[in-house]
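A single structure is presented below for examination.
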């Protein structure tokens, strides 16, 4: 396809992609009767605690995913090559299962007389009360988004040239030093990508909090949902909130990206 | 981390990943009072039309995404390298916006007195009635999943060695033949990956049909949702349906994968 | 038909404002083995790509049999190329790679089969039909690339450092095989390399390039024995290059004394480059010696020793089958016709 | 301390059931330049990796200064390696790549700075400190790899085909530089290559390997002039190898007649390989000729011509600075000490 015929094509595609975005802009900056206004954004201030909670929960979920997911990806990448596809498939398995089902399963495990407490009782331990706490919401988020952390890190780790590790050993680095000075810095782009892929959906997640938090810990995703399909129907406010979230996410991502492209030169570990 | 210390770690992770899956299995094969049964699967027969509709809609959405997305990815990959990141970002932009918002935007465009018809009226064309038809649902799905088709195809296309294209030209192939005999076959893994990434979420999508189809064209995703959070609360049936869908998806994926690994040797175009 | 199959006339090419080719003029005769020789970045590959049609000259004309071919796309030229890293189609097996050109011409299946088999015989790859090209060794990939290019019966075969990825032993074998194939098929070869030994061994004609300019064009013998400047002399083989002055016809002064030589026609007292091949410096004793020097180092090179001999004013590299221990003083003699005088670049 | 820095005793290594090393015995002296030479897959790189500690022998022992080092990990050996494709750390700049070894030893910052600068001077890369290694040319990467390995003052430097990725001209320059560095620093070098010219030029001692076995070990001169079998003779330089029979001490029959030679001690009428270097066949006229042959082809090689001369029973490759036209009949003469007789492998 020649350059001159491709330009109109790109143009039409841009309209298809961008038109709904423009609509969102219009909604966000207009009131219910169509008049231009900033009220929708002013109203967002009322929901400050929900934003704070969403960001905090997403932040902690990302950290936990990183703490669990990085070693998992690392261990996976060290396994016999024949078994690796099996383990990767195992980790991806839940992703092919309906999101609601996954969350529901955790609900029944964590319930006060759920599977976990029944198991603890069998082995003679006191029951735990997790359901309807922020911990349960966090657990659900980590479970749902862990694969998005493991896969990019794993993909970067398996591509690290063994020769680089041998070169580091050769220069006097023991296992720990090799990891700290070579493997981790080289896997950093994977970590960035994993962090993005977990944080972005986690910050606007919905239903998880309803199901595992007992509705007590509303998150931005739930708030937006309510504006479009729920009781609080107000697409103008919903658009404004979404736009605000999108802005924040884009800012975070571009900061991340700058960090990444510089990493080759400037990221020096202590 | 040594192999012997990593085994228990993998073991614990496997429990974390697999435990909810086992629970799903138990749910799927038990009745409300906990007795083992196959009733849940038998009940699925009643929802035959929903399954058929979901698969058909997902199938057509995938085909349309391929027809629109492949040329888009191709055109993108031919642009000046400096502009490519901008176009890619443009295509990914909607993905950072809340899923509900994207769908709502289309709802307001397609509504009988929505933006599209108002635009048509302005330029003197008769109004179209798309909202609450399967076409609207399809459009929503294509819009939502198009980036998942474009990105993997684009990623494969930009990695094709220019030398291979020159070699084909050198051997007498004009632009069309180069595309048919070299570029397309080499991009095939990207197409497979795109098809998978569109079809899998599309087949179990929910809310889109409610919002754009007016609730008349219920899909499997909606059906499952109703079993967990909706009016028809029945997690046992929901688990059975999810399990069934997961099975079908895994079968599709492994067929696809086999196809891919053989492609080097056996995919010969006419 | 002109006696020249290909002719480049004042061809200029720039990339991003940098001039890569600087008014190139060259001709290729039918059935000739022409080599473009030069260091990396000298423009030899760009010249080849212009002949193949992958680049269009910014100015100047490419003629094929006296027709202007500037705007003829690669797929309409009866020219095939063997690319530097072979550029085999990874999605096709050996058979389909070789058959590619014929399939595009929509030849009947049995003709394709016959000609592919013939090619497999030519390059000694019988039985490799079903193999995946990515599982072949470097040498085998090289052979597939040859077969794929040659099956179309091109008038001209362009080869872009085709042996660069092979190891020494294999490279020498393939030199002989390529030359054989050229003779057997009677195709014109245009060959690009930075390896002077390859160029000398295989070519009918060598064009030495540097910095986008042609420095010399001639037979291997011409180029080796009569290099036109110090760069060619140095590039085409190891050389001692030292400054000198022509004090008259057949009379040069260098390394602190005057020598008889076979060159003439220079300006009076012109500053020149004097080039002497290491194998042309003879170690002699007694009065025959023109220079006296001290052996500073010896390296055994197999066929000969390489000695560095320090004379007053210049340290010569000498190749000899005999060796004198480090530290001894030796006499050196150079025959007049082994002294090559060149204008300063 | 023993006179041997490194000693390998009956070292055996298998990969996936395939025996790569077949009871290797070798010794490396302090400050020696030892080259492991052989075709690809001969086990030379595996031997190097065992010395470096990257592989453990399946049986046999590796001694460093008479201590068993079999289970000493690479980071505890005073050995550094220059890897085949350099294996530079892409996440670090030139300075940090070179400083890597010192940082691990937690040297003070000013010592690191001094020593890195010294290294940059040694390899001629001053001013490259802040560059990203992925933007360097092959030759520059090579230099960074040398500096990175040498900064730790290793006792032994292992080099795995370090020049393989460079082009001819640069390869020759780096050969000289590496040899200089070795002399300057007084480090033991163990060098792996498949290039016989490299091996001859640089080494104090060469070990020729094939199929996991050591075929010959000696100085370049020994290996070139007294190859112990036809494989070594062929690998170390171009050779005419033909079958013959020893009819007695100093008497060999080949190419249809009997020759005087300098070998003895064979069984009566033993079948042997006769090896004659192409430069040792002299073209003579008249009665001096031992063989008569017809010139079949001539290739100009620069320093000499390569002619194929067909005699009764064998076609000889001859290197000569003179050339006889194709088709002429020439007489050949071989001096007794240029005829090398070898037991059949």
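Worth pointing out:
When the chains are written out, they are named A, B, C and D in that same order, and each has its own residue count from 1.
The rule is short, and it goes like this: a residue touches a chain if its C-beta (ideal position, glycine included) is under 8 Å from a C-beta of that chain, and two chains touch if they have at least 3 such contacts.
Here the structure is a predicted model, which means the values were calculated and not measured.
Averaging C-alpha coordinates per chain places the centre of chain A 55 Å away from that of chain D.
In this assembly, the C-alpha centroid of chain C lies 26 Å from the C-alpha centroid of chain D.
Looking at chain C, one finds that none of its residues touch two or more other chains. Chain-to-chain contact here is organised cyclically: the chains close a single ring, every chain touching exactly two others.
Checking each pair of chains for touch leaves A-B, A-D, B-C, C-D.
Residues of chain B that touch chain A in their complex: 1, 3, 6, 9-10, 13-14, 16-21, 23-24, 27, 68, 71-72, 74-76, 78-79, 87, 90-91, 93-94, 96-98, 100-102, 104-106, 108-109, 115, 143, 200, 204, 207, 210-211, 221, 224-225, 228-229, 235, 238-239, 242, 245-246, 249-250, 253. Taken together, the chain D residues at the contact with chain C in this complex read 39-40, 167-169, 194-197, 200-201, 220-221, 224, 235-237, 277, 279, 299-303, 306, 319.
Against chain B, in their complex, chain C makes its touches with residues 52-54, 73-75, 79-81, 83, 85, 87-93, 96, 100-101, 103-105, 130, 132, 134, 148-149, 152. Those residues of chain B lying in contact with chain C across their complex are 161, 163-164, 166-174, 177, 181-182, 185-186, 188, 263-265, 267-268.
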